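Structures are listed in the sections that come next.
Each of the next two complexes has chain A plus one more chain, namely chain B in the first and chain C in the second.
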Partner chain A sequence: MTQMIQILILGLALGGVYALMSSGMTLVFGVMKIVNLAHAAFIILAAYISFWLFKNISIDPILSIFITMPVMFLIGVLYYRLLFASRADNPHFTDITVLVTFASALVIEGLLSYFFTGIYRSTNPDYATKPFLIGPFFVPQSQVFATAISILVIIMLWLFLKHTRVGNSIRATMQNRNAAQVVGVNVAWVSMVSFGIGLALAGAAGSLLSFIFTFFPSKHVAWIGMLMSLVVLGGMGSLMGAMLSSFLLAVIASYVSFYLGPSWAPITFYLALFLILLFRPQGLLGKKVES
Partner chain B sequence: MGTLIIDNIVAGYGSGPDILRGLSLTVESCKTYCIIGPNGAGKSTLIKAIAGLLKPRAGKIEFKGELINGLRADQVLQRGICYVPSDRSLFPDMTVKENLRMGGYILRNSKLVESRIEEIFCLFPVLREKSSQMGKTLSGGQQQLASIARAMMLKPELLMLDEPSLGLAPKVVQQIFSTINSLRQQGLTILLVEQNARKGLENADQGVVLDLGTISFERPAVEVLLDARIQELYLGKRTRPLQVEARK
Partner chain C sequence: MAEITDSTKNSKPLTKGSKLKNKVILALMIILILFPILQVTRDGYNYWLHMLLYVFLYAIMATSWNLIGGFAGYISLGHNVFFGIGAYLSGMVFVYLQISPFLTAPLAGILTMVGGLLFGLIALRTRGSTFIISTIALVLLVNELLDKWKFSGGTNGLPMSMIKMDGQFAKIPYYYYLLVIMILALLTSYYIRHSKFGLGLRAISQDEDKAEVAGIPTRQYKILAFGISGLFIGMAGAIWGSYLTYLRPSIFLPVNIGTTIVLMAILGGKGTVSGPAIGAAIMIAVNEFVVAKLGATELNIVVTGLILIFVLLYFPDGIVGTLKAKDRLPSFLDWG
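The block that comes next holds the complex of A and B.
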């Protein structure tokens, strides 16, 4: 029993980070119908920024969030303007985004390999290796901090979407793009800002990831598959869905990892993707697409 | 006062063919215009072009003496022209109140928006009861009502309604039209596109028949209702049931 609870705790302690990683991706899909296959690559890019800051000027990776978020926001805005803004009216927009973002992921991977080589990296602040001990249970401090901050960022995102004028215009555009235009929302501007916010979330996720996992430039290939399963399972474009599926799969994967071995853990995500596409393609909390 | 002058406009979607082909229409203030015509005649396209959602390829649209073609949708709203689309476009996962708040999006003044919401609730008491319900949980008629109310948040001078009766039960259609009539009495200028030609014309001052992207016919609504050709094409002959459409 103790063991079961211990595994549950470890799973939950990762769930928050997964939720943060997938929230940016699902937001970008929800607002603009962009399938951002480079999302994981942008997360890894942010992890390298944190790594560079930690190694060269000893900035704590958690504090580096204050740098990675605005930097990634700007990258997102520029990236959107450069590659997507002029194509937003194309009837095959979503198909185009799959190819463009896939290519971008490879470019980012190439650049990171060039500047940082392919060596496994991670930041190692003091808390990276220490656990918290609560009675018979233990949790790595790094995971507790990472998940707590992830949840904090997600709550701030939620408050922003719910209670600010820009946030309302983003939600409106997600729910009904046409109606948003009718009430005077400049959807082109909202799309650009949302893409920036999506990448800012990737930035925060990257900083947190830098001290709980090791990473290398091609690591995004493994992450994007996992992110796709989280986003599709939750329902593409549904933030609540992404939260739910992140915690759910993190816990299941943690049991699978313990009882069948860590190499089986990724199977959890792909199996979930397979099953959801078979039985409920709109995802747990997603909306059916009306033809 | 408040006239909308559409002069020879040409419009279409993307790189597709022209839907509106040199259409001209003058809308006088405080009157209700019912636009009828077969599918594909360009009724909705005309309204989208006025609302700034579709850029005309040629021609002029003038509102109160100011050129408005080429303006963005939010700039058109700012000049007092509001549009209620045909798909009852509420935000499904926002409450009725949040939907109304979005109606005042361009006002940039939350106090003003809240006081307008209060005024809307006095005008449409049903919406006050439903104020904290999600848009998607409302019935079809309530959604239509809320869409109209959302457009009224800006106190427009010209209200454009695209098929407000679409997919609603006859009794509900009656309620929607009595709402529209009360707005008429307040002196609002209304452009109404209707598939239900009889109902639309009965509730309008002026009837406009659109065909192949131009106005083929414009008369006082009563005359259009009684016109033999129109009766046969759009209203169904008197011996036949009402609402026979001229589809296909």
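The block that comes next holds the complex of A and C.
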């Protein structure tokens, strides 16, 4: 029993980070119907920024969020303007974006391997290796911090979406793009800002990821499979759904890796993704996506 | 719909004015068939044989991808899953039963096709981005499973003994086998393109709902196209596994092989018969050039990615498609 609870705790302690990682991707899909297959690559890019800052000017990876978020926001805005802004009305927009973002992921991967080589990296602040002990249970400090900060960021995102004018416009666009345009929302501008926010969330996730996982440039392929399963299970474009599926799959993966071995954890995600697509393509909380 | 019917009429196979076209194709075929003679008579052409083998392989994969991705507009980013399945089917039969992949390759192709039909039966209920994601999910899943399965050698893979031939001639059987598969794939693509089946597929890519209303059995057509596209890739995979003499998930199932196939087909011209093969030849030449000039493999995928972005955004009809639209396409490449 103690063991069961211990595994549950470890799963939950990762769930928040997964939630942060998938929130940006689902937000971008919700607003623009862009399936951003480069999301994981952008997360890893942010992780490398944190890594560089930690190694060279010893900035704590948690504090480096204040750098990675705005930097990634800018990259997101530029990336969207450059590649997607003028094509949002193309009937095959979603298909094109899937391929273009995947190609972008390859470019990011190649550049990162060029500048940082393929060596496994991670930042190692003091809390990276210490656990918290609570009675008979333990949790790595790094995971507690990462999940706590992730949840904090998500709450801030939620407050922003709920209580600001821009946030309301974003939510309106997510619900119905055309109707939002009719009532005077500048959909093009909202799309650009949302893409920036999506990547800013990837930035925060990357900084946190840098001290709980090891990463290398081609790691994004594994992460993108995982992110897709989180986003699709939650229902593409549903933030609440992504939160729910993140904690759910994190816990399931935690049990799988305990009983079958850690190398089976990725299969949990891919199998989940596969089964959801087969039996409930709209996900847990999503509306039907395709017409 | 009207537009599709017209273009089929215009490019009616091999009517008048196609004498020169036939001659060029024939000449090309003879060159490809006779090329290995150079290697037999005087050694030193193994590098070129190897490059041509690569071109054949990717031409087979891109042409097959085009049946579902180009004609029907269902983009599969995980088409190399067929490649891996074909290779492992034949490879495992060879390792455990000692039957040569040269004999089992057609069977591996047919079994791969059955697998494709089964996957299509389920996955082709979805459309657009959901379908694309499901194909990536499939390739990731198969990759992980082969990586874990002891019987298939896991991460370390299965070594296969080499073909017992002098190094001077060892590449030649593979050369002809893949050449035949490539010709079969191109012929299949050609006949589908000029059939009612192909017309139906292209109607699906334009407006699936309307196609269905018009009485086209869209579901059966899509699944069939997806299955057939697995046939030749499965066969090619079986041969390629034997050519490399070892099987490993990381050789056949990385996601970027699937992307490369898509890139080649789109670069050459998706939905055209000759385009994907041309795209394959050009991409391999560019890749070889980049490797020779820059050396660095990291920058290699940067170049691949940048070309893909550029082609997708500014050149979506590809080389053959664009030339055709401008009426500048050499007639020997105009197969519809």
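Keep in mind that, in the parts below, the second predicted complex is superposed on the first by the 288 of 291 C-alpha atoms of A that agree within 3 Å, B and C clash if a C-alpha of one lies under 4 Å from a C-alpha of the other, contacts with A are read in each partner's own complex, and residues count from 1 in each chain.
Definition applied: a contact is a pair of C-beta atoms (placed from the backbone, for glycine too) under 8 Å apart; a residue touches a chain by one contact, two chains touch by 3 or more.
These numbers come from a predicted model, not from an experiment.
*Asks:* Quick check for you: in the superposed arrangement, does A:I119 touch first (chain B), second (chain C), both or neither?
*Replies:* After superposition on chain A, A:I119 lies in contact with neither partner.
*Asks:* Hey, is it chain B or chain C that touches more of chain A?
*Replies:* C
*Asks:* Under the stated touch criterion, which partner chain does A:S263 make contact with: chain B (first), chain C (second), both, or neither?
*Replies:* So A:S263 only meets chain C here.
*Asks:* Could you tell me if A:Q181 is touching chain B, chain C, both of them or neither one (first, second, both, neither)?
*Replies:* In the superposition, A:Q181 contacts chain B only.
*Asks:* After superposition on the shared chain, which partner residues are touched by A:L271: those of chain B (first), chain C (second), both, or neither?
*Replies:* second
*Asks:* Check the residue A:N168 against both partner chains and state whether it touches chain B (first), chain C (second), both, or neither.
*Replies:* It touches chain B, and chain C stays clear.
*Asks:* Just checking: does A:T94 make contact with chain B only, chain C only, both, or neither of them? Give me first, second, both or neither.
*Replies:* A:T94 contacts chain C only, not chain B.
*Asks:* Mind working out whether A:E109 is in touch with chain B, chain C, both or neither, as first, second, both or neither?
*Replies:* second
*Asks:* In the superposed arrangement, what residues of chain A touch both chain B and chain C?
*Replies:* Comparing the two interfaces on chain A, one with chain B and one with chain C, no residues are shared.
*Asks:* Which residues of chain B touch chain A in their complex?
*Replies:* Within the complex, chain B touches chain A at residues 14, 51, 53, 72-74, 77-78, 83-85, 87, 89-94, 98, 101-103, 105-106, 108, 150.
*Asks:* Within their complex, state which residues of chain A touch chain C.
*Replies:* 33, 35, 83, 87, 94-96, 98-100, 102-107, 109-111, 113-114, 221, 224-225, 228-229, 232, 236, 263-264, 266-267, 270-271, 273-274, 277-278, 281, 289-290
*Asks:* Quick one: which bits of chain C touch chain A in the complex? Just the residue numbers, please.
*Replies:* Chain C reaches chain A through residues 73, 75, 77, 122-123, 125-130, 132-134, 136-138, 140-141, 144-145, 148, 254-256, 259, 262-263, 266, 296, 298-306, 308-309, 312-313, 316.
*Asks:* Once bound in the complex, which stretches of chain A touch chain B?
*Replies:* By the definition above, chain A touches chain B via 89, 91, 165, 168-169, 171-172, 175-176, 178-186.
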